[in-house]
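The chains carry the letters A, B, C and D, assigned in the order they are written, with residues numbered from 1 in each.
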Amino acid sequence: MADYKPTEMMTIAAARLLKNDDICFVGIGQPSAACNLARLTHAPEITLIYESGTLATKPTVLPLSIGDGELCDTALTTVSVPEMFRYWLQGGRIKVGFLGGAQIDKFANLNTTVVGPYDKPKVRLPGGGGAPEIATSCGEIFIIMAQGKRSFVEKLDFVTSIGHVSGGDSRQKLGVKTKGPTKLITDLAVFAPDPQTKEMIVVSIHPGVTREQIQENTGWPVKFAAKVDETPAPTAKELDVLRELHARTNRAHAAA
Amino acid sequence: MADYKPTEMMTIAAARLLKNDDICFVGIGQPSAACNLARLTHAPEITLIYESGTLATKPTVLPLSIGDGELCDTALTTVSVPEMFRYWLQGGRIKVGFLGGAQIDKFANLNTTVVGPYDKPKVRLPGGGGAPEIATSCGEIFIIMAQGKRSFVEKLDFVTSIGHVSGGDSRQKLGVKTKGPTKLITDLAVFAPDPQTKEMIVVSIHPGVTREQIQENTGWPVKFAAKVDETPAPTAKELDVLRELHARTNRAHAAA
Amino acid sequence: MARITSLSEAIAGAVHDGDTVALEGFTHLIPHAACHEIIRQGRKDLTLVRMTPDLVYDQMIGMGCVKKLVFSWGGNPGVGSLHRFRDAVENGWPHKLEIEEHSHAAMANAYEAGASGLPCAIFRGYIGGDLPKVNAKIKRVTCPFTGEELAAIPSHRPDVAVIHAQRADRAGNVMIEGVLGVQKEAVLASKRSVVTVEEIVDELPERSLNAVVLPHWTVGHVAMVPGGAFPSYAQGYYPRNNSFYKAWDDIAKDRDSFHAWMKTNVLDKGPDAFAQYARKHKAAAE
Amino acid sequence: MARITSLSEAIAGAVHDGDTVALEGFTHLIPHAACHEIIRQGRKDLTLVRMTPDLVYDQMIGMGCVKKLVFSWGGNPGVGSLHRFRDAVENGWPHKLEIEEHSHAAMANAYEAGASGLPCAIFRGYIGGDLPKVNAKIKRVTCPFTGEELAAIPSHRPDVAVIHAQRADRAGNVMIEGVLGVQKEAVLASKRSVVTVEEIVDELPERSLNAVVLPHWTVGHVAMVPGGAFPSYAQGYYPRNNSFYKAWDDIAKDRDSFHAWMKTNVLDKGPDAFAQYARKHKAAAE
């Protein structure tokens, strides 16, 4: 087995979930790495959309910002931001949206707004950006987040974007017709919603990771699926393509 | 004095009302002829916008339709029709709108929808098109219509677009902030609203036309301003430019 | 997901009796060939949506395909009446035609709202006129911040949109240039779509970074029909045939001459009949 | 009506103390030079509107120009926090900062509604989250046709919009290409505008029939500032300087190093300081 970092396993596990005919609303960072890894390996025709308006873009290096020139240069076309949010996101044309956050709870609700009270924040985070509507407008949501007790919490300080709300059918009761978070990919495991309760439960554990480690890095009592898989380790090809992508990206960003 | 037709006088009288810095929403037919005559004579920088989305267009021949390729080829740029109606017309960016119709009343309300009852029409006309919102969104409205008892009527069969509604401040009472029809240019005269009553009254009579002729061709008792001007006759240059424009247009449309 | 097919396959697959259909094209890129194919395939009970019904709907109405018309301006641009439309409304010939009448602003906003996945559009409009009295779909909403009353209309969500465009690539990405009308919105607002194009190319040409492109996964059937917009036009390919629009006035005035023209030029022909117009004018332009 | 002036004249004429100001540019074409000029001219009590406050608002907040911020994502893209923004919100330094927080969808819709002359925007959003609890400007309207509850927010109508674009012609027609963001909407929604451009040309170049152009009569001041978007970018002129964005993290973390940088690079400089970036990268690209 090749030597690799937990974040590499996380990116690769996320990339594998993507299919050739998916239409993805891609965020910067891990989602962008995962989507482009998928595109450069098993899903060459995947459609990547960044909220800056770039439709069907094929960047050769990862963008640092959501609107790097690279994204526009390699896109099928680029639309305005109002059009992106009206015709493309709200229009229901995106199959998979990616989200992450500073805090997540067991129903995959996310906080990217504030740690501590809103009016007297301990840490003021960037805020929701596209997340509140990505969370409800995309066909389904993949969440990518490294685990830790400060981020996987019992109760969010602020609900920036909803996952399965308070579980069960509480999401549908809000009038939302999309699936919400169907996968949560961490550096330790893959979670998916329990079909009834909608609590995110572990369905696959990355190689070498124990159930105890997962619990230690989660702020609520973790549930495991009846049958838990072991995530296949990264292949040499996956690691090569991902590392070369990051290396290309670092060279390009240092040069700019 | 040159020999000319009443419709030529009408077009020329309308063209003279336009200024170099006007931004006009141009309809097909007489308005298009008047606007382009103005552009080819005293107002070379006038901005002409057609509802097909062509901004600042400079056609060399008159378009037959509102979206002839000629308009697009000579435009600064062309926007989509939703954008035209949202950002440009509703956005309040048009100073002068042109309207005409099958019927007009003394408050310059217009009917382009139907003669006879709506559900059992004697003549089904094309309908409102852009008129209902042009009438309320443009800074002011110029109406161009040949006079006749069947078109200048006491009561409209259908109100497609409003002018001064029932006169006085009835237009403002509807919440409309634009001026409405400030000029009505006919083949016999020019009308403008009485400052108080808002009834369209004659302010200028074309050369050789009598007050009786105007009354005979109007379905309501016509009022005349305290001081009525005589419209200056078309100059040789105005007639030349207009006739050459029409000739060019006819050659182009016959060839297509 | 785009599928490249023949026009007859496209219409057979996407347009069914009783559908709500939007043939769009604002004077430019009007899908005449697709209109003829719908007529040839004998579709019935259609609800037709279109800002400017134009010759295409005059023909479909006259041939008895249409149950209801949703529109904002029903004339022959720069020429006069649509005689088949008038005959249906005034005399119920060939049968009664239900109409739902709007303004251009309302129609454009309804398409835009449909493309945006919204149930309704709001805009400042329909103030003081009689249209709201004869169209129950025109309502009012109050701005919760200013108290201003705005017009509200349901968004357009047709079963199928039919448009013509300059070109598509082999994946089915469709590129449109020039007078754009509401075509992009109509396709995005509809469940299905048929796009006829002047040509299908291996790759879309060098283009503006902000070119108007419908990605292949937003498009249904794509069919190559050169000249398929004639007598409307395709910017960069052939000009509008203004003479034909003028000639249509005489053809359509009379029921018999209309039927004779339709038999000769539509029923007895196929989509390839349009190719001559593409070739002639393209050659002339070069 | 466009007037071509110097940048200092443009800011002096268009941006006043207490104004609501929208500097826009979605990662691309961010008006850095104009931001610096506003700081140099010592504007106070501004209400700043911007989807992604970014380095420009971090600088204006840190320099004490800002009373209130209306925004949807306040970070350094791909890098992390905006430290001056955080210091203001968390510690009230250099003074208390009022915030009105939205989502991107809300902000984009609010500009679009402003450009459309509407008092409010409606969209499907803000479902289930906490933002409506802390922002009183988020309300609901009910679709009169389906009964669906939609989010409603007031449209943005800033006093002045400030944007950067690739080029203008001598009449002041402004052309924008690439990532368009909400710049066109911001200018159309605002009472006044300042547009900095990479170059002013006799005539706009050969362009797409549907090029994004702001006509001169929709634009206020136009000032030529080559490199004026640096370290953001101008597609076709110079790329985004991602290294600078990373470096900003260290510069802005500390109040003293922030002030030292602002003194050296903003207060003691003029708009011509940006020209080096334009030249360097344009040359490299050729």
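Here is the rule we go by: a residue touches a chain if its C-beta (ideal position, glycine included) is under 8 Å from a C-beta of that chain, and two chains touch if they have at least 3 such contacts.
All values derive from a computational prediction rather than experimental measurement.
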item	value
Winner on C-beta contact pairs when A-D is weighed against A-C	A-D
Distance from subunit D to subunit A - Cα centre to Cα centre, in angstrom	28
Approximate Å spacing (C-alpha centroids) for the pair subunit C, subunit D	39
Multi-chain contact sites of subunit C, meaning residues that touch two or more partners	112, 116-118, 123-124, 148, 178, 180, 185, 207, 209-212, 235
Of all residues in subunit B, the ones touching two or more other chains	72-73, 78-79, 86, 90, 137
Graph class of chain-chain contacts, one of line, ring, star, complete, other	other
In contact (per the touch rule at the top): chain pairs	A-C, A-D, B-C, B-D, C-D
Footprint of subunit B on subunit D - complex, ascending	1, 112, 115-118, 173, 185, 188, 204, 207, 209-213, 215, 217-218
Interface residues, subunit A side, partner subunit D - complex	28-29, 51-54, 63-69, 71-73, 78-82, 84-86, 89-90, 113, 118-119, 121-133, 135-137, 158-162, 165, 171, 174-176, 252-254, 256
For the subunit C and subunit B complex, residues of the former touching the latter	26-28, 51-52, 71-75, 77-79, 81-82, 85-86, 89-90, 101-105, 108-109, 111-112, 123-131, 134, 148-149, 178-182, 184-185, 233, 235, 239-243, 245-246
Footprint of subunit D on subunit C - complex, ascending	116-120, 122-124, 137, 139-146, 148, 150, 152, 154, 177-178, 180, 207-212, 235
Interfacial residue positions of subunit A with respect to subunit C in the complex	21, 23, 47, 55-56, 72-73, 75-79, 86-87, 90-93, 137
